[in-house]
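Both of the next two complexes hold chain A, though its partner changes from chain B to chain C.
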Partner chain A sequence: MMASLRRLRGLLRKEFLQIWRDPSSLAIAFLLPAVLLFLFGYGVSLDASNVPLALVTQRPSALAASFAGAFEQSSSFRMRRFLTIQEAERAMTDREAQGVVWLPSDFDRRAISGGNAPIGVFVNGVDTNTARIVEGYVQQVWAGWLAQQAAEAGRPAPLPIALQPRVRFNPTVNSRDFIVPGLIAMIMTLSGALLTALVIAREWERGTMEALMVTRVTIREILIAKLIPYFVLGMGGMAATVALGVFRFDVPLRGSLWALTVTSSLFMLAALGMGLLISTVARSQFVAAQIAIIATFLPAFILSGFVFDINSMPWPVQIITYAVAARYFVAILQSTFLAGDVWSVILPNAAALIAIAAIFLGAARALARKRLD
Partner chain B sequence: MWRQVLALIVKELLAVLRDAKSRSVLISPPIVMLILFGYAATYDLDRVPIAIYNQDASEASRDLVAHFLGAPTFRLVATLHSSQEIDALIDSRTIKLALVIDPRFTRDLLTGRPAPVQTILDGRNSNTALLIEGYANAILSDFSTAWAAAHGAANPPATLDIRARYNPTLSSHWFFVPSIVALLTQIVTLMVVALSVARERESGTFDQLLVTPLRPIDILLGKGLPGVLIGAIEASAIIAATVWWFEVPLRGGLAPLYLGLLVFVVAVVGVGLMISSLAATQQQALLGVFLFMVPSVLLSGFASPIANMPDWVQDITLVNPMRYFLVIVRGVFLEGAGLSSLASQYWPMALIAAASLTAAGWLFRRRVT
Partner chain C sequence: MPPPNEGAPALRLEDVRRSFRVGKRVVKAIDGITASAAQGAVTGLIGPDGAGKTTLMRLIAGLLRADAGKIEALGIDVARDPLAVQARIGYMPQRFGLYDDLSVRQNLDLYADLQGVPADERPARYAELMRMTALGPFTERRAGRLSGGMKQKLGLACTLVHPPDLLLLDEPTVGVDPVSRRELWQIIDHLTHSAKVTVLFSTAYLDEAERCDAVLLIHEGRLLGGGPPAAFTAQLAGRSFFASAAVSRRRLQERLARAPDVIDAVIQGSRVRVVTGAPTPPDAAALALDLPGLTFAPTPPRFEDAFVARLRALDAAAPSAAAPAAPSAAAAPPSAAVAPPAAASPTEDVIAVTRLTRRFGDFVAVNDVSFHVARGEIFGLLGANGAGKSTTFRMLCGLLPPSEGALRVAGFDLRKAAASARGRIGYMAQKFSLYGDLSVERNLRFFSSVYRLFGARQRRRIDWAVAEFDLASQMSATARDLPLGFKQRLALACALMHEPDILFLDEPTSGVDPLARRDFWRRINALAETGVTVMVTTHFMEEAEYCDRLAIMAQGSVLTEGAPETIKAAARTKARPDPTMEDAFIAMIEAAADAPTQASRP
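On to the complex of A and B.
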């Protein structure tokens, strides 16, 4: 037992020295998270504002002017006026306008006589998410304009329903507040799975793993000695990300720090397990990196609910998401940051993380043998 | 001279294709990513779990509920009997939307006062929340107009006739799948090129290459052209899958698409060679690829529009070749854009290609001598 502990200490010393002396490991653990955080924090926003729209009023009138005014006051849009629909369409084809709002020449006449004068709205549908949001904003402006018209004329509200929307946890619907927490899962996947897989694959490639094997060290000691330094590294990256997110990007952290730490270490173990498993299977850095990106990073990005809603995916894909550790962690992260310690979310997801960590670490242990081939 | 370069190209291609592991890299990532982005990456909402708290047991409110349940977007998971239940259901992520119909709903409808309806949304994913709100708004305004018409209210002065150009059903597959052409071409080309020199340097064969009569420029060509070739073949396979498997319409011609592809791949090869000549080991090269890939994808308009970024970030995106190629791919596929309307995308990409190749050549020569 004492001998085992001494061996482990020796191995750990070697691992820490290796990390310290190899700038690229430190870069993956600390530089990459910072880069990612700044990129996502500043670069990725799903909040459309100042959307360029082309507005065509073919025949100027008081009614058309009040409608145009409603659009010009909205902070969602930046309007450009056109006199003909052809010019506006050209602006849209040249990607200078995201959409066209068209008041045809008979707008005034039809609005006053029978009502229901059609207003043409064409939205560039290539970017579907922006298109939907723009459609929603256009409808809001239109409804607001109708209500204002009715109020000025002393008529009852034209739309019989008063909608009172309330968005919990994120009343200003700021996309940064949900992207930054989810990003922590991404960053920990990188340092846990990708970095670990690369480092161990490198030992196989260089033959230093075989050198370790001829010593008395057991395979369990080798694995533990690999786990501990990268666990520390990954949690360090996590802490740095949380601090940057909260202090630099003003993302609220409504849950408790200890719940965040405990669940993060569970996820870190799962990620490390994946990294170990990949490296024992791959044994070359090139292949390990490929598998790590495809099997851990991309699913953590796409199948975790980080950006895309899992409920809306086709059911075969939904079943796959249950095997993605990041899915459970992203759920915990988004709740802990924005809602608080919601135990009905944290507990089942943490249980799933424990199960996944156990499976991956167990599989890595079972597959890692002292063998030379 | 060309015979020697050709020999190097053949050797490079063989090195990638002979090795089963690097061969699999050319095949499996494209397939996985096509499946992921083709099926999983979607902003379309479907079967969103909702709860309804209807405090006004009347025909009008039941009709409104029916409007919600008739839409495939929503799936009722709970009918509530008190407002206290709402928070717990949203907290535990059981529902994403609670629709609360006020007890005064029918009375207010009939007396012409705005009848209150409340929607409470889970804002933890604010984008999904915004989209759900949009769907709910559309249903409510459908109900409103139908109700107003049925009860003889005066027509509103104007109605909206909203249409989406180029993608009438606003299917996000049409948005994501063509973009994979750009994403995958970039990944595969970068990997092949960036790792090729690093691998030789690690195994010591790079020095052997240097003592051959090949000049630095020949080595550069021999390392770069296989990347162009592999990238172009890879891209063609994905274009075929986009058209025939995912059935995304290819409205424009192949000429503008392939011109863009060629310039793009050359630009990416330049970047790959730069990484390759800076890296001493494969791990460093991989790190370099990753450090270039992630920002270039995030700042390309791939998943979130460039227009939403702060101005100084938008300026940074100008040096990102993928930004231009994405406009070309989407333009050709969905808008049917031609060479002239895409001209403003080709020349910046060509400039980037020239700059990155020149830089790679300079770095390469410094390494060699």
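On to the complex of A and C.
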């Protein structure tokens, strides 16, 4: 027992010295998450803003100008005016406009008489996601304008009663608040898996692993000696990333810090376990990095429910998502960041993380052999 | 001296087998080896690259599991209890795993922790190891900043931090400079004599066999022979001779190799070493017609002679083997298919290097190197790994710009016309840069087309290569699956497709078996005879003997330059009337090391 502890202490001291002297691990733990968070935090957006839109006013009037003004005030759109519908459609075909808003010649008359001015809206459906967003936004602007007109004229709002959507937990419907927690889960999956997979592959490449193997050290000691330092490093990176999200991207943190810490630790164990599992098959840093990206980063991005809704996936794909640790962590993070400590969300997902971490670490322990074949 | 044999052997191998799957092929890395190593002795595991040395070491260390057979180390069955064996052995892999970011001291601490050396025993143990390895002044230096020889010694120190009963050393001396090599051997001798450690030592250097108490000679996964080295050479008593005659040594060697009853003929210095099938010299009278003034002087046999004799016997027993035919069959002088290079005065230097320097950051890889090579000359760059040979080579091939100095190759200034110069150069890289997935024929076609050979001319050159290098039998085989010697021939053929004036060979015969090496040099000699200039790097001291002239490099500088005989003559002393190239190298390095220290002393 004493001898085992001494071996572990020796390995740990070596590992920390290496982390300190070779900055590549520090870069993976701190630099990589920061760069990715900046890149995706600003790059990935589910909001429509500055969407180019063509506006066709067949008969210019004060009312039509007021309507156009409502669009121009919205930061979502950038309006271009056209006199005929044909010109506007051509602009849409050339992708100079994402959609067309058409005020027919009887716009004024019907707006005054019925208070319900019909408009024509054409949306470029090539990009379905944007099309749907544009459609919704146009409707909102239109309904808002109608309601305003009605209020000014002292009339009740036109029927059907415009929906008053109330978005809970993310009042400004700022998609960044929703994206950043998801990004953190995704980025930390990659960082955690890379940390362990790369350092072990590096030991294989440099021949140090072969030399370790013939000492009295056991596989369990080697694995623990990798897990502890990179857990510390990974959690450091996690804290830095969360701080970046809160202070740089102004994402609110409504849940408690300790709930976040505990669940993050579970997730980090799962990510490091995945890296250890990768290291049992990859003996070069290149292969380890390739596997880590394909097996952790991409599923975390696509299958965690952070960008794409899991419920709308076909069931075989849904089943696969249960194996993606990021899925549970995304749910936990979105809850702790935007809603608070919602235990009904956090507890089952934390339980799933424990199970996944146990499976990965157990598999790594079972597959790692103190042999070269 | 006889090995101290105290009862049971320290290591017993019983019909050990192990194969690996390479693509679709199954390679028998170890093909039924039965052997043993006596306690307290140094047993040499000797064989060319790919013979199975590393696999055998790993099997003994419990890092690989045998397919069949039994391995018993220190009386313990390795397959049953690898941890118990690992607690008592020291194993130093080929590239010992030092942590470059850790200091000498921290590396030692780590292995002391891992091997369970109690804290109170460490100071004494460290002191002894530092004294043994002379690393004392460098304990705070990071391992990554040590020289190759020092790293090797630190690796050995880490392996020895807990005194092992059985020490497995996998090629600790290959590529290490001769001085460090000698120091490593001193440490090993010390261990076996004072600490009664059993050592299993693998090497590709045949001359190291004679330092071992016993030798296991392995070739293609099988044991070719075992026993004390003297027993190997005893069989050849009276069968080794030095031949000299009034013709060029290359002609003499070429002619003798074809003589009946000659098993081996290699150039050594100005003479040719001949091994015969019977204890009589070759019939000088029958050869005198071609070789005026032919004389034979008997010389004691060496280990390599015995190895060659055994390989030849093996070939004779299995004529169907794919191994290259013995020179006696294939030794018709190669046709002069390489056209003598176009006119230029024969005294002109084909390669001229003047005050060449190359720096990488603040590290000087090549420092103020100058030499000249004449047409048709074989010029060698000899030195340990890291001496600056490869960097010099890359600059000569126009692959790397020099930091300072002038380079002229084939009349072109490499700083201005690297591309033109490259068209006249053939280059064979260390690891034979062949396309492993392509067939032999596809490789030939590809490399000839790279050199802009098309149509009839390309066809003609490929036909030439196939005939010249005996490639016909394997034309459709993929390059990856070829035996090492065959790969080497193919790589040489590819480098010669465009009939270059100059041939650069980077460690060409590193690790191939002695027969393949002889075959290779026979071809190189023939090329040189047709006027091709050959430049070769090597860390094999023996290989230097094949060169007309050579430059010995250490730490980026040329220590000396000249004909092998001249260099060896300079190291001649009363105590050592016939120094080897290695002796000369060591004398040179010691002289270079002494000079500055003496100068700095008041």
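Couple of notes before you dig in:
The working rule: the second predicted complex is superposed on the first by the 323 of 373 C-alpha atoms of A that agree within 3 Å, B and C clash if a C-alpha of one lies under 4 Å from a C-alpha of the other, contacts with A are read in each partner's own complex, and residues count from 1 in each chain.
Please note the rule applied: a contact is a pair of C-beta atoms (placed from the backbone, for glycine too) under 8 Å apart; a residue touches a chain by one contact, two chains touch by 3 or more.
Values in this document were obtained by computation on a predicted structure and should not be read as measured data.
Of the two partner chains, chain B is the only one that A:V126 touches; chain C does not reach it.
Partner contacting the larger number of chain A residues, of chain B and chain C: B. Contacts of A:S284 after superposition on the shared chain: chain B is touched, whereas chain C is not.
Shared-chain residue A:A339: touches chain B; no touch with chain C.
Within the superposed three-chain model, A:G154 lies out of touch with both chain B and chain C [touch as defined at top]. In the superposition on chain A, A:M209 makes contact with chain C only, not with chain B. In the superposed model, A:L11 lies in contact with chain C only, and not with chain B.
The touching residues of chain C, when paired with chain A in their complex, are 58, 61-65, 82-83, 86-87, 89, 91-102, 106, 109-116, 142, 155, 158-159. On the chain B side of its complex with chain A, the touching residues are 21-22, 24-25, 28-29, 32-33, 36-37, 39-49, 87-88, 90-93, 96, 108-109, 112-131, 133-134, 136-138, 140-141, 143-145, 147-148, 153-168, 170-172, 174-175, 191, 195, 199, 281-284, 286-287, 290-291, 294-295, 298-299, 301, 303-305, 307-310, 313, 327, 330, 334-335, 341.
For chain A in complex with chain B, the residues that touch the partner chain are 24, 27-28, 32, 35-36, 39-40, 42-52, 63, 67, 92-95, 98, 107, 111-112, 114-133, 135-136, 138-140, 142-143, 146, 149, 155-171, 173-175, 177-178, 198, 202, 282, 284-287, 289-290, 293-294, 298-299, 302-303, 305, 307-309, 311-314, 316-317, 331, 334-335, 338-339, 342, 344-345. For chain A in complex with chain C, the touching residues are 3, 6-7, 9-11, 13-14, 17-18, 21-22, 203, 206-218, 370-373.
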